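There are two complexes below, and they share subunit A, which is joined by subunit B in the first and by subunit C in the second.
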Partner chain A sequence: MSAALRRLGRLRPTGGAVVAVVIFLALYAIYAASEASAASVFGLTNLFNNTVVLAIASAGLTLVVLAGEFDLSPIGVIAIANVVMATTSVGTLGWFGALILVLLIGAAVGLLNGWLVASLRLQSLAVTIGTMIACEGVALLLLPAPGGAVNQAIVDALTGDVLEVVPVALAVIALVLLVWLVLARTRFGIAIYAVGTDAMAARLSGLSAERTKLLAFVLAGVAYAFAGFMLSCQTGSGDPRASDTLLLYMYASVAIGGTSLMGGRGGVFGTLFGAGILSVMQKMLFALGAASFYTSIFSGLIMLVAIFIGNASELLARVRRQRVA
Partner chain B sequence: MNGLSVRFKKWLRPVLCAAGGLAATAGFVLPAHAQGAHYKVFLDLSYSGNVWQAEAANGIAALAHTPPYDKEVTFKEVISGTDVQHQISDLQSMIAAGANAILFYPVSGTGLNRVIEQGCKRHVLMFAYDSSVTAPCAYNVASLSQGYAPNSAQWIINQLGGKGTVVINHGVAGTALTEVMSRQLLHVFGEYPGIHILQFYGSWNDAISQEAMAKILAADPNVDAVWSKDGNWGVLQALMQHRPNRLAVMSGQSNNGYRLAMGDPTLQKKGLIGLSAGSGPADGPYAFKVMMEVLTGQLKPTGHNISYPMPWVPYDKIKVCTGDSFVNGCNVFPASKVPASFIDTSLDGTYLPELNLASVQTGAPVPGMTIQKLQPLRYEGSLPGVNCVNCKAPAGWLDPTFIKPTVAPK
Partner chain C sequence: MAPRDTSTLAEPMARGRAPRVNPELLPAAVVLACAVLLIVASTLLNAGSSFVPQLDAVLVTSIFLVVASFGQGLTILLGGIDLSIGVVVGLAAIMVSTLTNGSNAAILWVVPATLGFAAFIGLVNGLGVALARVPPFIMTLASGISFYGVGLAFTTGLAQRPVAPGLVALMNARVAGVPIPVVILLGFVIVATIFQNGTSDGRKLYALGSSPGAARVLGLPIAALTILVYTLSGLCAGISGILLAGYSSAATIDIGDPLLLPTIAAVVIGGARVVGGRGIYLGTFAGALFLSALETIITVLNLSQGVRNIIEGAIIVFALLLQSERWRVARG
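Then we have the complex of A and B:
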């Protein structure tokens, strides 16, 4: 019973994640109050379609960050996934074959990153810069300029809604959350926090830091590839540069969602809301008629506020726990 | 106040009558616009913070505030940045906000197609300028198919007599524009075995181009010519720093500093034989004007790929302006009037007489100006993957169209 409670306690959102949820709801309320279509299925479908790629990619990145490493390769993997979908999903492979192929590519890049970082002990920042550049080059080789086409069946299916009630993108985000909730209850889920907090202590406790980091990179690679798959559905075509600017937003989503960039604290739940904040903020500022240049300023300020409040609430909770103890 | 208004009307009426008569005589008839109709029009920029985009946006804003458009539109400008998802989101917001027309600089030629179709289904006019999209329902206003790349390549070959080392300053890898131009350039230069090619990607950026050109000059000092689109000002700086007494044949964009240098006899003697051409910022205001005429029902284009005439000014046609507009064939301003980075092709005396120097620098309309009648439309050719899908490029799309070889190939 107590073990089960401990597990549930680990899954409870951290202070940072709760702050992210509150900020997301507040921004959405302002957006809905200023834009009539915000609460309609059309408005919600657009909002979640804008969020889903960033949310999935950031969820993958969260695993690596929790394990105490950095990953700059996501935009390269997303670029490859996008151009592979645009060049193969209409042909003989079909959409399902193309999806399996891109997931395997994502896993392979993750495996390479993980092997270089976990087994050879190379710096993750340096390693993943290399794989990012290499992947972007491969994407350019596969599709030198925007073009190609993505299977129309999945484009329509994954960008629309279910029975004109639930946006498909929201269902996909919920699925990612479900996977995370299951994953966090496994041995890997425990190990990733332990390794991210203190790799040496984790080793002494019998956990394999190498295997944990390797798996984190592989799962992250799969998530980036799936994000590229969803991006392909959003755009209906391929563009080797479509993911170029995504990386900073991914790290912003992770940080706003309450995950410590030092590792060991946070989770995918907060990250998903972090991505939601960045998407809904853009919609809200547009609806309020804010001049374009203010969007960047607001993004930065909200990120600072979210991180500040998240860290402050964590600190308060820690102090309270120490007093109780 | 009323007395002033009466006096104002007294002298204004004959002036306006005379102006109207003159305009009618000259063939410029003000377009008749529907009375009382009001439209919500958006401008969505992607790249921002550079001179090209700023001048294009200012020209568009100036037109939006020029009568009769000033009474007909609620105009809003949005900067989406270079992220495809961000631009998709902003375009969706504009459609949801009840836009009647959206003029946008597409960050991707294909990635926006879904949201463009969404807009078309809601009867929103979707106009892309300078860079094109492949969504069939969108209108593209560009000058790509007029062949800047193959014609300027042939012009360089003619200047070199068919022999020499040419540096190609490609744009941004992975963009349709760079891909098309690169194929055209390599095709034309490839016809001449005496041409030795060196290449780099300058990302349409002066600083990157200058650095890359400096490295090339250090490694190979025998460069005879440089082809650029944007970034040519940086290339010229590198040449003047590293080889000040032996400049080169150059083709590139239309910065005022570059055009002044092209026309400078001293620099010409040192070997600067320049060509200033390619798509200019005026493409944006021209697209806005076409879009407004379609929106107000004055114009029904027969095609979706509309052509904006490509500027083409070789070194021997440089003429310095004395006023604030391009009139009497002048095409460059004195250095005291504008910074060297100012792009001269933001003005166009023929197609955009409503704009002057101040309007493209500040976005304010020219006082007393009204929208003039549009010149008859011309249309772009098909370029698969650039402005259409499932289409064929016209025969000879890789070849120069108006610059004839003065040296026989091979």
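Then we have the complex of A and C:
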């Protein structure tokens, strides 16, 4: 995997992802030093259970951001996925049928977003507000008030650990990373960076910006739906408003992970650590006995710190490159 | 984001001989007309009401969005964004109600202090964007999240605090039959329009938004203008928060959250482009009024919250669709 990472790094050098890893490890070290159970399987399972929803949703968002667009609809898709799981996973569909249904819904919303943005050329930052509000409406129609139940089998299976060694949530995050590493090597993976960097140049070199952005939105939609699926396993019930606070933290994860919100630079690897930072920080502050509002204050500050270090390391790299040249 | 559209710079020169009517006036006027149509429709749907009271009601409820959207519009004009608006609105509302605590005694210093604090958050954003070169999306998101934490620290354990009756009275009083908030709204729209589309500072913002490189060559005070814009945005969010506290007569720290995304929607529906350099305040005002009128008519329809959301989302998408078609025609 390290060879793959190195190759990716050579393709598009950003210091941001490395910075995110370092910050994550540092915060985890402080957390582990002040909380004995932090390094136990139980502690890790708990940590990754808290991370997994944000991590998957932010990973999907990263695709759209890399392609140079914004997406504000994820919380709507997560809400629909959550209420669909809470209303169908126990009944005739079963959990697997419900999962497939949910992923298809995510893809459909992504397709709608992609069509509006890539084909009709609407401004993504505004038009996805519309689809987000409509999605939340659909979620409210399906389940007007918190309730319902999620199939107990997946609630137990996906919040626990594998053979008391690896937290399932960590395995799921690793799976997302694996998908990304494969995706990044495909034609689409390369196109997404090209389109995000300079849509015109990408078009001139034979890449279809429209198709690339469309696919990015569709895959992102699937990821949001999967995040909603994991959220349902965490909570065990449905709440059409459960995802409302997630959106800004998704953008924070993407930014902390070193992905440029202007598009074209970064990647899912950093984003996963960005999400990890936000949740390990919460654990760390709690272990240190800090009041809960410090979590918000530090979330904002750590974003700025990560951006600063990321920018600084990139500047250094550029200076070094210029010297070599 | 897409590369900067250089044609926007060339356009005014190419049309130098055309009559000097702002080409952005038409889309703004159309949105404004749509908003008025919505208000007429909601009057017809709401048996027993007539147009003027309905108009007043929409104008009063739109004032928070109209004021906050001005700041958002300025930052978007520069190709930036302000994601801290929701938090600043909430902080201003909670600050003005906590400090006045249901009495008029402190109102004279509390209101300026609250506005100062809101402008200070904007100033921090501006300094971060202009001097530390943090991307606006990240700077304002980070400061919003952090200041929200600061707000939580000061309000933990506090119940809702009642706001000073003076502010509540202000939001409910009338002068010569016109609600005072409507008077404030009209005054604000006039001042904001003059600033953005009538002063040299406003024109500099358009120059900076359409081409930062050219603005640098021209020697425009880029950093100062950027800081000014973000400070103004914080200030507007502060005004909006104080008015909102007066309107709802009690404040919570989350009270401004539902305003953030509508400010962006209002600006874009009004004809602006998120890459900057485009859009007039009249358009933003029309967009904000349109969204408020939409909210009103949907409430009048007496539908379930889910159906309301679906209609609202669809109409926002539809409004953007109309807007984009118009641009294509205008350019073609």
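Definition applied: the second predicted complex is superposed on the first by the 312 of 325 C-alpha atoms of A that agree within 3 Å, B and C clash if a C-alpha of one lies under 4 Å from a C-alpha of the other, contacts with A are read in each partner's own complex, and residues count from 1 in each chain.
In this text, a residue touches a chain if its C-beta (ideal position, glycine included) is under 8 Å from a C-beta of that chain, and two chains touch if they have at least 3 such contacts.
Because the structure is predicted, anything quoted here is derived from the model rather than measured.
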Name the contact category of A:Leu140: first (subunit B only), second (subunit C only), both, or neither.
both
Looking at the overlay, what does A:Leu261 touch: subunit B (first), subunit C (second), both, or neither?
second
Between subunit B and subunit C, whom does A:Val22 touch in the aligned arrangement: first, second, both, or neither?
neither
Would you sort A:Ala33 into first (subunit B), second (subunit C), both or neither based on which partner it touches?
neither
I'd like to know which partner A:Ser299 touches here: subunit B for first, subunit C for second, both or neither.
second
If you stack the two complexes on chain A, which partner ends up touching A:Ser237: first (subunit B), second (subunit C), both, or neither?
first
By the touch definition at the top of the document, which applies to A:Leu178: first (subunit B), second (subunit C), both, or neither?
neither
So which one touches more of the residues on subunit A, subunit B or subunit C?
C
Mind sorting out which residues of subunit A both subunit B and subunit C touch, each in its own complex?
139-140, 144, 292-293, 295
Subunit C-facing residues of subunit A, complex:
68-69, 72, 116, 120-123, 125-127, 129-142, 144, 198-200, 248, 251-252, 255, 260-263, 291-301, 303-304, 307-308, 311
Can you list the residues on subunit B that touch subunit A in the complex?
45, 48, 76-86, 88-90, 92-94, 96-97, 108-114, 134, 172-176, 178-180, 385, 389
Quick one: in the complex, what on subunit A touches subunit B?
35, 37, 42-43, 46, 49-50, 53-54, 139-140, 144-149, 155, 159, 231, 234-242, 244-246, 249, 279, 282-283, 286-287, 289, 292-293, 295
Which bits of subunit C are touching subunit A when the two form their complex?
1-3, 81, 83, 128, 132-135, 137-139, 141-150, 152-153, 156, 261-262, 264-265, 268-269, 273-274, 304-317, 320-321, 324
